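Each chain gets a letter, A, B, C, D and E, in the order it is written, and its residues are counted from 1.
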């Protein structure tokens, strides 16, 4: 029987250095993207999955410090939340998916004009056309209905 | 009335919706599929760019028919899969797979249950996935485990025949597990010893990590192919590293800081459990990275060494509390025996040596020195 | 016409159980036979091993009651070695068993038992708004908005529309025995899903203490989870300040779910099935070994659940139980596929034998020979009498011994349903006992938790006693019994240790008491007796009634049911497979 | 866990430890049972007791006299590096201590694994250096027998495989550790039959010489 | 006179092996098991130092005996895995153990295992001799002991003649076979024939100290060529002559003159050779003189000459008497300088162990002396003194050959010259 849990002394977890080591890889992808775009608009994205690398939480925080925060912030609400933001370097994005229990499922760096998760899918767009048509139809019917009700009043 | 409902649910290939369409109908957007896909990709350590491909393939698929067979098991694997967070079991069974047979979870018993299995096998001939939980006893023609009057052995052969692939869920189905532990009273074996002509994915663990189970299923249904397997037939994505290499206590091992009993200061400081018998260094599983039950802990984090439960024959590798570097067999008696024999041998050898020496001395006895009279000149 | 009905496999249970029953011309069950059809021989596997390892093997007896066998095993070794454990370890064990009760009972109710009472398809016809009103009328549970129920309905509809029903396929939907209105069905389905998500959260408690669930880790001499002396970061164990506060949250989550969902749902559903309080009684004898010591001591007076035996429904008298008494506890194998050396007399578990000897028909088979051996289960008896163990036995024991909170909640519930205490001796009485017990235990958990935290604050971090860890300090011979009130009932593990190794190991599990076959005198076990109590099958091809009563026991093995006429003559063979 | 590891931890270790104990006891006991025909002449007066002399000599010969130090500097430094390194490696690593604890019934505090690994590397290099020396030095070449190379090689193996195992280099860990244990088994089996026995005999011969020198009054 | 100890002929390796077994079954066994072939002893050996030939490595000289021992002892011999000793191997080692080793024991000092190589070489010589492998000249000297009582054929009559002459020359008494003497003095035939002055010097000092001493005509030769030649029978013969004579006279003390191996054999191995304890104490002359000086019975004038001291191996390193020589020089020779490597670590003269008697190694001995010459030169003196006639004989030969500028003296002579006589 020794002392009770002491209040708090955080263990220093040294950085592994992976955060710095990643930067050249990001530049290479970014340069690639810049070259491709010179030839015209194109969709291309390169993803670096941070969870697949042996990085500590501190490493990732360090990396984010280096990358900074840019102009775009997006929240995607789908099967839990997703945070997407552009870093201070245009074309370098951070995508972080959370599960329904708010656990981080995916933590990516995406090098792209815009990350795919933000783009509307062609199927969804096609579906939207149908849905919106339905909506208009419904509105018109409702309108007629309400008008009729009104007129009855 | 019951018939009416049955008719209502009856389905035919022509009217079947793809998963993408089905999900769209339910208001699930492609983004959601993409997110799920990128999670599967992350979970399986695939290149992140795979997620697009997974999403495409998912959208085109029909909900994957899964038949879950329970043999010599404890239902721990089924229990485990219900603890899966992402993807969750309900997400899987409502949105991505069709769990057409599962003794532990399905509604009806008896003949109706059997009928459901047959129907699924017929409708998805060559396309359904079989999940096996538990080992299969071979002794006495398999009479030690019978369900519906049929031995597990017969049922497995029957169901495997038209399966796309088999997932051996848990160590029992993968390698025989506890029923096969010495002396294996019922002659239990894993699936791969019976089925030779189908792709088999072993997902061992006692039980396996929930996310490893759902992740493997998700991979199979997302990409329609077998993930990369290691030499024991396990998905490399989950079983590629040993627990020791990925353990948060590894730095303590490097520093030589060990817990020497279960409740000493070292144990409380979270030191390495090697000395208490942890089998992490020789156990390949994702416990240290994915962890258990929503990531709250895993055995080592909770102070008990790894039992090595995802390895074949882990039950028979000596005590769970014997450090890996110690002999599995008791050396005490052997050493004492050797010591006794060594001592006896030495005594005998010395006696032989002594005897030989005496014989030599007798044969070539040093002659008595010549008593030469000095003083007498011989010149 | 007399009929033989075979239902095999019975689903939504653990393991492989087979029951054969015979119905008369009216479809009423006259005889029923319960048979376990799977054996692994874990008792044989355990022989010759290190007793400290035994828990891991024993735990794999069952993955649903995943914790109890491990702990019973640990207790057996501790009993044999006279091994005391620290108070903290006892409290942690109490909390873990408590969590197991609540988790297991809720999962049983919603995922294994509810579909016997709830018609999933009928839920599609429900009005979400009316469902919301119904839900709010019985509970203040947060998930009760019309939108919420509408979403659930949409989800179920999607499943039905897809034509791939999965686990809900081939249900006895529309069976006249389903009596819930569509709204109640929808509410139950919603809670089926809620409970699935809830149970995932609450087993985190086991993961914090035991590293994982199913099959958390245990340790002879205490618990393996050291209380972290570091507050966080890489050095912390799971039982840190963070872990402790998480445990508290989980206990609250458990209490909330029991109070707001489980108890109201039980009462709501039961009120539609009051006739099921009149059948499925069983043998009328009940037994508990007692559990939940308030400290580390083995003092029986300090157990929350008392031990004893109630005979012939007589709640006014409790017989004392001595697990070590060879004349009290005996296992018979007259109808079991085992061989005893010598004749087949009853053996106390210390002298128990596990010699597999299958004498049944060759597979595939249509029916078992119920006149001979027909099960892998043995028939345990108390002083030669069959007894029922489990939640009903415990609630009755608490009630009979005058435990106030139990009396209060039992009486309140019964009066809400307008039923006498005798209604407890029934299928739904058994199910309701599980609910009542969950509440009683959930209420206790916070007390144990507070005691644990108080000890830690007082500087007592001890969770494991090192004293007898080294086998060299053990006597050359020792035997002991580890007992535990598992969610499914009284669980005992008997161990005989010789020269630091296991010489004999016998587990007498709740399902053996309840599901065992007939004894040598033709005495029926609780499953068989319950089925023979006032069960008439509406449609032998849809043996819903059998499912209900069998599931009320929360079976822990796989089973099958035969129905044959009283003469034993085979009549009509109902399609089995 | 491979079957190889089971074999190594089980029968291989059992048999090799048995042979080791048998052999060592056989050699030592038969040595002590060798008939003595030595009748001591009276010792020089005022010399220290035999026990002190024996122990003193065991300690004293750890460092060569200064007259020889210059020429034996390599042997001295390398020998020390090797033996200390080996002792640290064998007796300092937690895993090894567990092994001894299992056999002896008691253990001791371990050293940091990184430190032990460093010692292991030093041991390995000094072993290789000594083998290289043996191959290049004319005197050593003349003296060397199969036993010398075998003993050296069989010592290199456990050290090298042990390092690979702790560094997780090359093969899977369980294979590495199995190979390591098997190499130890071979080492243990060979130990009593070759010059590795010097680990025990050094105490016998040094003490014996120390006692005889002291009897004569030779002050070394 | 008929020699009833015929020299063993013809050559027979198995005899050597048997002999090895007998010897190794004594105190040598641990040494034979322990050698780790580290080679450090090479640099301690003067023969290796002057030739740089690895075969002179002391450890190498153990090989035949070790091999024979292992053959008989190792459990593996049951499997036939240990090779047996061949004739040609024995022939090869004959040169090494008789000529190539002076049994000076310097290698033992450096051996990390503490192996006493000299003892094993001694036993090896016995074994090889038994098998018929030995140098003829050494054996001849040993044979002389049997026939003539002395390697240099100093028979009783020669002894009496020489002593009479020496007594006259040194103007002192040399009592022969004196009844009632308390101390028996022995002589080395080398001294008697080549360095008679030293005999006279010793006699003079004994008389001056008033010691009641005598020389026996029944046992006077202190050298033991039987021992050096590996002939235990002759060794025992030589030893028992001395022991019997001393015990017949009833003396309490026996003095060995300036002869190294004589001291080693009688003082440290006498009891062993005889198979029983001796009835008297054995002293080297330096020990005895030191004893007399300590008792105040001898006094010396101090001298100015600067010189250094050559430690005879058998007296210092293997005899334990290094300190007594220094005690004698204390207060007597203020300009005495120690060599850099001295005392128990001192280099051998190169002729001990009977090597001096073998012509084959004359050149080698001269080369070995170069080490000694350098040692002396480094002290800044040009004189060394010694307490062993064999050392003197060996080194004088080299001094003459090399025309070395320094000189070599006897310790007892220098002391006797400066004796203060009352």
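Everything below uses one rule, namely that a contact is a pair of C-beta atoms (placed from the backbone, for glycine too) under 8 Å apart; a residue touches a chain by one contact, two chains touch by 3 or more.
Only a predicted model underlies this, so the values are computations on that prediction, with no experimental measurement involved.
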* Asked: When every step has to jump to a touching chain, what is the lowest number of steps that links subunit B to subunit E?
  -> 1
* Centre of all protein Cα atoms: which chain's centre is nearest to it? -> B
* Structure fact -> Averaging C-alpha coordinates per chain, one finds the centres of subunit C and subunit E separated by a number of Å equal to 96
* What whole-Å value do you get for the distance between subunit A and subunit D if each is reduced to the mean of its CA atoms? -> 62
* Structure fact -> Separation of the C-alpha centres, subunit D versus subunit E, in whole Å, is 37
* Structure fact -> Distance in whole angstrom between the CA centres of subunit B and subunit C is 27
* Asked: subunit C: which residues touch two or more other chains?
  -> 227-230, 234-235, 461-462
* Asked: subunit D: which residues touch two or more other chains?
  -> 23, 26-27, 30, 34-35
* **Multi-chain contact residues (two or more partners), subunit A** => 2
* subunit B-facing residues of subunit E, complex -> 1, 3-5, 15, 18-19, 21-22, 25, 72-73, 75, 130, 146-149, 155-157, 217-219, 232-234, 236-237, 240-241
* Asked: Across the complex, what residues on subunit B touch subunit C?
  -> 1-2, 4-6, 8-11, 15-17, 22, 25-27, 62-63, 65, 70-80, 82-85, 88-90, 93-94, 97-100, 102-116, 119-120, 140-151, 154, 177-179, 181-186, 188, 206-207, 248-249, 251, 259, 261-263, 265, 267-270, 287, 292-294, 296-304, 307, 315, 319-321
* Structure fact -> Note: in the complex, subunit B contacts subunit D through residues 242, 244-245, 253-258, 260, 272, 274-275, 279, 281-283, 308, 311-314, 317-318, 322-329, 331-332, 334-335, 337-339, 341-343, 345-347, 349-350, 353-354, 357
* Structure fact -> Residue positions on subunit E within touch of subunit D in the complex are 25-27, 29-31, 33-40, 42-44, 48, 52, 54-55, 57, 59-60, 73-76, 108-116, 267-272, 275-278, 281-282, 316-323, 341, 344-345
* subunit A-facing residues of subunit B, complex -> 20, 24, 29-32, 34-36, 38-39, 41-42, 45, 47-49, 51-52, 59, 85-86, 88, 246, 265, 268, 294-295
